[in-house]
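Two complexes follow with chain A in common, the first pairing it with chain B and the second with chain C.
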Partner chain A sequence: MAIKFGSEEWLKAFTQEISQSQAYKEAAKKWEGDLYFVIEPEASLKDKIVVYVDLWHGECRSSALVADESEKTPAYRIWGPFGVWRQILEKKLDPVQAMMTGRLKVKGDMAQIMRMPRAAVELVNCVTKFETEFPD
Partner chain B sequence: MWYFVVPEVVFGQDALSRLAELKGKSAVIVTDKNIVKLGLVDVVKAQLSRAGMESRIFDEVEPDPSLQTVSKGVALMNRYEPDLVVAVGGGSVMDVAKAMRVEYERPDLKAEEINPFISDLGLGTKAKLICIPTTSGTGAEATFAIVLTDTADQRKLSLINREIAPDIAIVDPAFAMAMPPAITADTGMDALTHAVEGFTCTWKNDFSDGLCIRAIQIVFEYLPRAVKDGLDMEAREKMHNAATLAGIGFINSLTSMAHAIGHSLGAAFHVPHGRAVGLFLPYTIEFIGEAREDLWAELANSLRLEVPKGERAGPIIAQAIRGLAESIKEPLSLKEAGIPFDKFDSSMDKLIDNAMADGSLIVSARIPSVAETEKFLRYAYEGKSIDF
Partner chain C sequence: MAEVKIKQGQELNGLGVMLKEIMDENLKDPKKYRSVEGLNASVVIREATSGVAITLHFKRGDIEIQNDAIDEPTAYMEAGFESLAYISSGQLSPIKAILTRKLKTGGNLLTLLKISNITVLK
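Moving on to the complex of A and B:
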């Protein structure tokens, strides 16, 4: 059954997939840093969604949907319009290409991102292992 | 959405004369001491002086060049304020020249900070970058990637940004004539690996495909001739063109698993880059296998290799590459490459770690796990075809 995009249930499914993914564990075993994924409203998405995940050495230590971005000060912020995120989650767009073409913006330690691009790819693989229901 | 970035390419015999048409007061020639000894820098200086330009030489580029070398070169540029940076050499020289140009034009940006996510570097206002390759393999004359070593931290930096591509690539075969057979073979295998991976990685695209296929065809036809007789001008010219075609092809798609594992091997055992990636190429084709069967079939067709009915094209391409490598005396296994087993075995964790962290791996049509990478390396050590 499809899970509503950006819901608590969706975040739970996402973090469960992270914890079960051997490929992510291997790709991100040296990753240190929490992130905001900011999905900006566009078309059928009326309100901004901010997903917080604290990723550390291949594990997700904590996660939350954040109403106010000032609640936390994560090491990374990755943001872009809903349409771009949707293409990534539907595996129609490579996340690294999205960042390289500026469709997703990135703030944080670029050197670490460049050292572990496969972590980003495996993270997306985690979120595509369950069916997401997008707003229409 | 994606980009296709390519410099102005001037190719063929006498391509160097393009230098005499350029405008400017002065140039810094970036090179190494061996290229100076071969007299190639004098030829470049003569063309620049025909354009009315003075030139200064920076010949301190070493193999596996460092950030510190870049800083020395930038200091010279700041004193001399050139309008042109002219790189004459192999991949290391061209990488240093690209980094020097960035730091010269953008003193607020250190070379190690170059990454694909920054835009509007505003290069080209103070100095244009011209690259003249003296090897036929790296394709660096046409790419927007730089590999440097941070000697302070003992780490390799892979820097990429599409705005750092050279303005002009001068692909003149006369500059490749001095390469000895072993370097011709190693760099030729590098060009082949660029082209095969550029054509089959997951970021492949319509703009790079044709360049990669043509480069593969040229390498198969002309690399053995260029290795056998370095004075075979036709073979030299074709291989020089193939390297640039492959460079443009792969930088606009990407390289893949053979590069990820080849980089790792090179860092651990100092195997020449082209030899390392070329050695792994047939094994990666076997490993990726069915995930790219349609493309292996297309390649086989373009090389006029027969694929018997009911058989897969991947293994046939892999064997054809091994045949080419054998004909130019390239090693087919890590054992043949002279790597002692005890050192290989004790370096396994590091080899796997570095390969798994390499950016090239993300565009492989099949990404190996840690366990598969170890098995892959052990097969490549023994020269066993990949069967998993």
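Moving on to the complex of A and C:
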């Protein structure tokens, strides 16, 4: 059954996939740093969605949907318009390509990302493993 | 302190943002800056899967980065994101990457070797 994009249930499914993914655990075993995924409103998405995940050595220590970005100061921020995120979640757009072209923007310690390039890819793969229902 | 300048009026693509941060970090070391200070060259770096490229211009001690590849650079290198990341973070030697065909290069290889002082975290 598809889960509503950006809902608490959706976040729970995402974090569950992170905890079950051996590929992510392996790729991110040295990863230290929390992050925001910011989905900017576009087309059918009227309000910004901010997903917070605290990632530590291949585990997700905590997660939350954040109403105000100033609530936390994560080490990383990955942001882009809803349409780009949707294409990635539907596996129509490669997340690396989205980052390389700048359609998805990344702020944070680039050296750590470069040291563990699979970590970001496997993290995004986790969110594509369950069906998402998008706003019409 | 030396810093990579962004070509006027441009917003860098993702590849450029990542490489600029690594180069700026390296340029904090005066020794590394001196190793490229005398270069007069242009170098294209391309991510193979997406085709996204940047060009670095070295001229009279200035280093400028721009989106896309220019025609006829002094040297160029091309690799997939993971290989570029492993090379830039110092986990994969550029020579080994060339020998295993993870990294394609062309033009003046000495220039590529020199700029590795700032494009690779060591």
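FYI, the second predicted complex is superposed on the first by the 136 of 136 C-alpha atoms of A that agree within 3 Å, B and C clash if a C-alpha of one lies under 4 Å from a C-alpha of the other, contacts with A are read in each partner's own complex, and residues count from 1 in each chain.
Please note the rule applied: a contact is a pair of C-beta atoms (placed from the backbone, for glycine too) under 8 Å apart; a residue touches a chain by one contact, two chains touch by 3 or more.
On a predicted model such as this, the values are computed, not experimentally measured, just so you know.
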Combined model on chain A where chain B meets chain C, clash or fit: clash
Of chain C and chain B, partner touching more chain A residues: B
Chain B versus chain C as contact partner of A:L65, first or second or both or neither: neither
Contacts of A:V106 with chain B and chain C, given as first, second, both or neither: both
Partner chain(s) touched by A:A2 [first = chain B, second = chain C, both, neither]: neither
First (chain B), second (chain C), both or neither touched by A:D94: both
Contacts of A:A43 with chain B and chain C, given as first, second, both or neither: neither
Touched partner set for A:A23, first chain B, second chain C, both or neither: first
Contacts of A:M114 with chain B and chain C, given as first, second, both or neither: both
Colliding stretch - chain B into chain C, listed as 43-51, 97-105 or 223-231: 97-105
Footprint overlap on chain A, comparing chain B with chain C: 94, 96-97, 99-102, 106, 110-111, 113-115, 117-118
Interface residues, chain A side, partner chain B - complex: 22-23, 26-27, 30, 94, 96-97, 99-103, 106, 110-111, 113-118, 121
Interfacial residue positions of chain B with respect to chain A in the complex: 1-3, 112-113, 115-119, 158, 202-203, 356-357, 359, 361-362, 367, 369-370
Chain A partner contacts - residues on chain C that touch it in the complex: 11-15, 17-18, 21-22, 25, 47, 49-50, 52, 81-82, 85-86, 88-89, 91, 121
Chain A to chain C touching residues, read off their complex: 94, 96-102, 104-106, 110-111, 113-115, 117-118
